[in-house]
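Below are two complexes that have subunit A in common, paired first with subunit B and then with subunit C.
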Partner chain A sequence: MAEPAYLVASDSETTGEEKSSSPFPDIAIGIDIGTSQCSVAVWSGSQVELVRNTRNQKLMRSYVTFKDEIPAGGVSNQLAHEYEMLSGAAIFNMKRLIGRVDTDPVVHASKSLPFLVQTLNIGVRPFIAALVKNMWRSTTPEEVLAIFLVELRAMAEVQLKRPVRNVVLTIPVSFSRFQITRIERACAMAGLQVLRLMPEPTAVALLYAQQQQQSVHENMGSGSEKIALIFNMGAGFCDVAVTATAGGVSQIKALAGTALGGEDILLNMMRHLLPDMDTHFSTRGIDEIRRMGLLRVATQDAIHKLSSQSSVQIDVDLGNGRKISKALGREEFEDVNWEIFEKCESLIKQCLHDAKVEVEDISDVILVGGCSNIPKLRNIITGVCKREIYNGINPLEAAVRGAALEGAVASGVNDPFGSLDLLTIQATPLSIGVRADGNSFVPIIHQNTTMPVRRDVIFTTVHDNQAEALIIVYEGDEKAMEKNHLLGYFKITGIPPALKGVPEINVCMDIDASNVLRVFAGVVMPGVQNPAGPVMEVRMPTVDDGHGWCAEALNRTYGSTLDLVTVQKKGAH
Partner chain B sequence: MYSNGVGHLPRSDPLRFSFLHSTRLENPPQFVSFRIRPGPAIRSSLNDTISERPAMSFYELLGIPETGSLVEIKQAYKQLARKYHPDVSPPGRAEEYTQAFIRVQEAYETLSDPRRRALYDRDMAKGVHLAFTARRRGIFDEQMEEKSEWKSRWQSQLSELKRKSMQKDSDDNMSWGARMRRERNQSS
Partner chain C sequence: MLSSFSCHQQFSRPNSLQTRPHFNLKNPVWWRRRQNSVVVVRCGRNEVEESKNYYELLGVCVDASSQEIKDAYRKLQKKYHPDIAGEKGHESTLMLNKAYKVLVKDDLRKQYDASIGKISNNLRIGSIWEGSLRSQALFVDENACIGCRECVHHAGNTFMMDEGFGTARVKVQYGDDEERIEISVDSCPVNCIHWVDTEELEVLEYLIQPQPKVGYGIYGQGWERPANVFMAAKSFNKQLKQQEENQQRSKSTDEEETPAQSQARESAYRELKVGRFARIWSWMKRSTGQ
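After this line comes the complex of A and B, so read on.
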């Protein structure tokens, strides 16, 4: 206790250069970067408040337009009309593109956007460009996101009258660790320090946990455990979480997610209205882009209307003699998108199954995100969960409010009324494992494992006197290994000469309190206490943008010469 | 953004611990900047020699009687999570708290699953009640179980894939990797 001042200094704001005199020093803000819209919220001292821009908006469109010298995003920029965003000069949907390679189906689906998304289909990052004065100006999703985050940061600094550095961001459940590094990169470019990246439904779960705790305080309720299912569907992604909540602790039981959202519904409908859309717009001249914009706006408008009315009349003149005039019924809309709705239903069922939760155990069903008004989705969810939808949460603000709560908690803020006595126990959204047993994916940390965690699996060699082994780390739960996300690879060398199946190669994976993944690998010979040679420690992901072709190249170069198989203990199952 | 991490590696300064505990609020923990080096425990797990733990049963760890109900187990778990989860640990002690949390998590996962709890109780009755060794074995068994489940799933999927790739052969547009895999599968 002798020198507290020194210790405070050493542990407070890391660089020490941004000392703020504000009464709320550096409470991390919550940011929800949606595919379509984004928002910022912060703990105000007694509650969470959304930060408004100069036009008094709480929700801002996520896009950056490149038409002038200085790019401008949806925070500061005022769109004269929706069509301006669709003129080719604006890049949007960056959340769907970030960290993806040009063989990814989501990237291919983005090729019908008004800006340029070019693919070579070899597993490198796609080429993205905005149309500026009839020239394609190249950019990257990270750059676009960073420009946007700079605007958000400036807006928050003006409104809060203090520097903003620390943030909690929400991300889709299905984001791989590689995509997370891209988000972190964009934040770093914008001068933001990421305290946490929360899967969106877990942020909603935290908000729910706080509400439950408050109602317990107020009504002297039982305070027993409540199970909630959270379904979040925005423009780009669909996420599900099952949480068990008690006493302000939100324990994530299971997560499920996929890159499926309103954008896919919109594309389906555009193709339905104009079946030869792709050939129609393939040349991508200024006129084609303008026509595509007209179709997009008309279709979007019709979809919105179908949430409240049973049919809608679409009349759009695309020019060059193409006119679409059609009455569209809600049933037709649901038929066209049946595959998407079916996938949503199966995600919910899968998540309940993974959480080992029976439908009867669910206390509340929470539906959030931009698609939450679609009647068909509401029917599916109430049908599966046999519950009415929880109405205590604003579906468009839930995630950002949860992120702001987490930001306050992570910044060490205390609330005299106990509103911040909160904790999220996170689970791994995707399995992490290695390639072994031929060309199989062997998970080491399974999906929905509580974090932090450490797990190991023992492998052995497939050849006599095999001196080296390749550890290729993947993340995901896709059936085909190639469809999972490659996180990195390294080689274990110096395996002592022995018959195949004798050396024990221990691969251990560790996710620490800051969600950092480390992979350890060491060789142990039977009957020997210490590892043969130094143990490898690799922080993952190590791959870079061109990771799409790495696995193929490794396979081509090494085949099965450096393979591993899992050890089946004698007498085990 | 990780450039600040170095200054925050946990140090074993006793002064720091006693002080920080009482000043956590004024002094927000910067979780992201902790870049904890895995401690000896991780390395020793490679040698499978983790055993220096106090021999506490899972019930003792959660602080509940052996007759404790599921509700009690869940309550105890959430209370201990609030105490030991690294998110709420005092700065500099995240690693230590992580270890404690992982043990609490194991106890909870075992005792909240009726099947695993019954196995654990049986082991305890036999006198094999060293929590950590039992835990190690439990995990290993479980992993093997999961793995064999995975394996059978993979095998059925693999055969499906093989079937599909045979159909594709006629297309003659296989990738290098696919061709190598096919050759390997055929030769084995």
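After this line comes the complex of A and C, so read on.
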């Protein structure tokens, strides 16, 4: 490629002022990068409007095709047919692949996609390639996402007639901070500055807060607190949030999420219809890819139809003498996917439990995302929450609209009619802590803590005259430390010689409103005023791509020589 | 369970007014995130905010309902949250979040109330002892206090300001080391910090509380406290002694009374004549029983 389709914007470029004729030059736009569809919205001065592409679409397919050497994304490119996307030349589902290592089950599930996903199962990034003129051309999820974001940015700049730089992005609840850095890298490659990241259901919560506040204004009613449960299930992820809303302030009480979505339902159904699918398509020739595309499209159609009708007839000719002809009932569909639906139900219950909210306290239940039409899902939610589903929100546009509202609020825009008199108070989706007390995960900031937050815990040494200590930072809520995400590590050196348990090693974590995590660590000797030696300040995550194995390497090299234990004080909680 | 040092200090030591006790005491500098001018301003304001208790921070009264606390929190967040106030709102929002987290949960709020010596039912709980009881205790004569804050400045874990009355008060006996306490006593420009006998302390702390004064119409209402608290304490003790003697005398003279009669008469007597003293009795019983 002679000219790159995107520009790499360096971090130092952030001070560049851009002239604009628009009345709101610096308003951040909201972008919802979905696994399957993307959308852009912006505060227009009186309301949120979705930005349309040249084909007048508000929702654009998330993919980038490499068929003519020059990549083209779903914003500008017109698909002649769905099969074109499934020809192997297009990369999609970037959001499910970004920031994952090749031991991740989600990456393994992606191996049945038409493009190439190769895994070595050693904890490095998977190899991803698109089929270009019968050759596998390698790329990365970040690159694909960046190309796509460049198209989104260009579209927004044309429509808004101003440069676009700041964005508010929606992300799945279950995204680790490492995955977020990959998203931010893709944005930087596309010349976009991430102003705020919002877990998808919290963006919906903000939109709901605005609606509630407007209805209070209109009815002159009392602005009492309303509890809402938001369930969001798209193609790649399933998220739940519980929010307490009053006076335009949405306070997130709890979040829960997992990487389960319509893709998993689709894959289950494809396997159900063609049980030997994996061996059938293992050679990955052009014919196999085409057949896989046929099956995928037929299955997708059937699933969509089952939302409105109780059974559907599937007829696909896969060639090579293979033909699938089957009547598929809704019950069968629900049986095949029972595990997914069960997981959804348990996520909702867990989120309500974490929020310490009783079902009777819920005012509204909001269902959004591409899977929101599945009857089984609606039944589960109405069953658990004992409420009808709130119908004041467009399930496919809610997240991006909320992101645009946050973009306007965080850009300092005021609305004379009070439509932007809003605030979202976010909570941490995952716990963050360090390895200590042997091989355990000791959380410092717990899950569902209101942000911004600063917490500290005192640790101490485990060996006499231990001069150094290793601080390994993890994120997650799994009991087994290895199952959590490694964010980074650093060493504290120069601990004055002392018996074990004497030096106080203070580890403090600070998350600001833009979700930046800083880890501070310093040593204080008892009876001394100042810390022994300079204090460390580390912005996390520090791990780079493909370092899924570095915790293991640290363990092998240092064992327990640089370990820490928490200080147990009597009377402590 | 994980033992968080900061939590420990926050709730088991009563000096929760300093919300980052460890670092405030030992290394106040290394937290400040960036060495630019904004930080200096931010720190300056923090110092003020950290000297407030959680109720003052949220601008609610100590008896506020959880709804009032929630409303106040949301209102303040709308002003100070970094989404609205920019990066300079970070520190304020941390404080708000910390205060809200404690006050919105009943159990944490109770612990916190105990730690700050909340004024409940018009009965202010006196100072708390750090460590074992000693024979001498600190007492601030709030009548003389001019609210200069010198003592709070020198021994912030021992003294606190009552913002309502603008006077200093002992919150923790021996909350700081002796040297700091010595300095703070010496630093008082009006010499209103007294070393008193521990037995006298409770009576003094009770009497120094302003009592509602009955007015005539709209005139003369308000709060009053004895002009000389030490004299008042003496006469109070005297009255107490007399009261005890009276009771014993009455017991010895009316021996024919049934126990129920005696009980009823005694309680009526107490209610009628020594209502005001009964309150301190019950309070002292409660506080010693605790």
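We adopt the following convention: the second predicted complex is superposed on the first by the 553 of 573 C-alpha atoms of A that agree within 3 Å, B and C clash if a C-alpha of one lies under 4 Å from a C-alpha of the other, contacts with A are read in each partner's own complex, and residues count from 1 in each chain.
Note that contacts are C-beta pairs under 8 Å (C-beta built on N, C-alpha and C of every residue); 3 or more make two chains touch, one makes a residue touch a chain.
What you see is a predicted model; the values in this text were computed from it and never measured.
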Clash-or-fit label for the pair subunit B, subunit C on subunit A: clash
First (subunit B), second (subunit C), both or neither touched by A:Ala532: neither
Which of subunit B and subunit C A:Val297 touches, first, second, both or neither: neither
Which of subunit B and subunit C A:Asp26 touches, first, second, both or neither: first
Which superposed partner A:Lys479 touches (first subunit B, second subunit C, both, neither): first
Greater subunit A contact set [subunit C / subunit B]: B
Superposed model, subunit B segment overlapping subunit C, candidates 99-107, 153-161 or 171-179: 99-107
Common ground on subunit A, meaning residues reached by subunit C in one complex and by subunit B in the other: 196, 225, 246-249, 251, 409-410, 412, 421, 423-425, 442-443, 450, 452-457, 506, 508, 510, 512-514, 518, 520, 522, 524, 529-531, 535, 537, 566, 568-569, 572-573
Residue ranges of subunit A touching subunit C (in the complex, touch as defined): 196, 225, 246-249, 251, 406, 409-410, 412, 421, 423-425, 442-443, 450-458, 506, 508, 510, 512-514, 518, 520, 522, 524, 528-531, 535, 537, 566-569, 571-573
Contact footprint of subunit B on subunit A as seen in their complex: 1-4, 7-8, 10-15, 26, 166, 184, 187-188, 192-196, 224-225, 244, 246-249, 251, 409-414, 421, 423-425, 437-443, 446, 450, 452-457, 479-480, 482, 506, 508, 510, 512-514, 516, 518, 520, 522, 524, 529-531, 535, 537, 551-552, 555-556, 559-560, 566, 568-569, 572-573
Interface residues, subunit C side, partner subunit A - complex: 1-8, 11-12, 22-23, 26-27, 30-31, 33, 67, 70-71, 74-75, 77-78, 81-84, 86-87, 89-90, 93-94, 97, 100-101
Of all residues in subunit B, those that touch subunit A in their complex: 1, 4, 7-8, 15-16, 18-20, 23-36, 38, 42-43, 45-47, 49, 71, 74-75, 78-79, 81-82, 85-89, 91-92, 94-95, 97-98, 101-102, 105, 109, 139-141, 143-148, 150-151, 154, 157-158, 161, 175-177, 180-181, 184-185
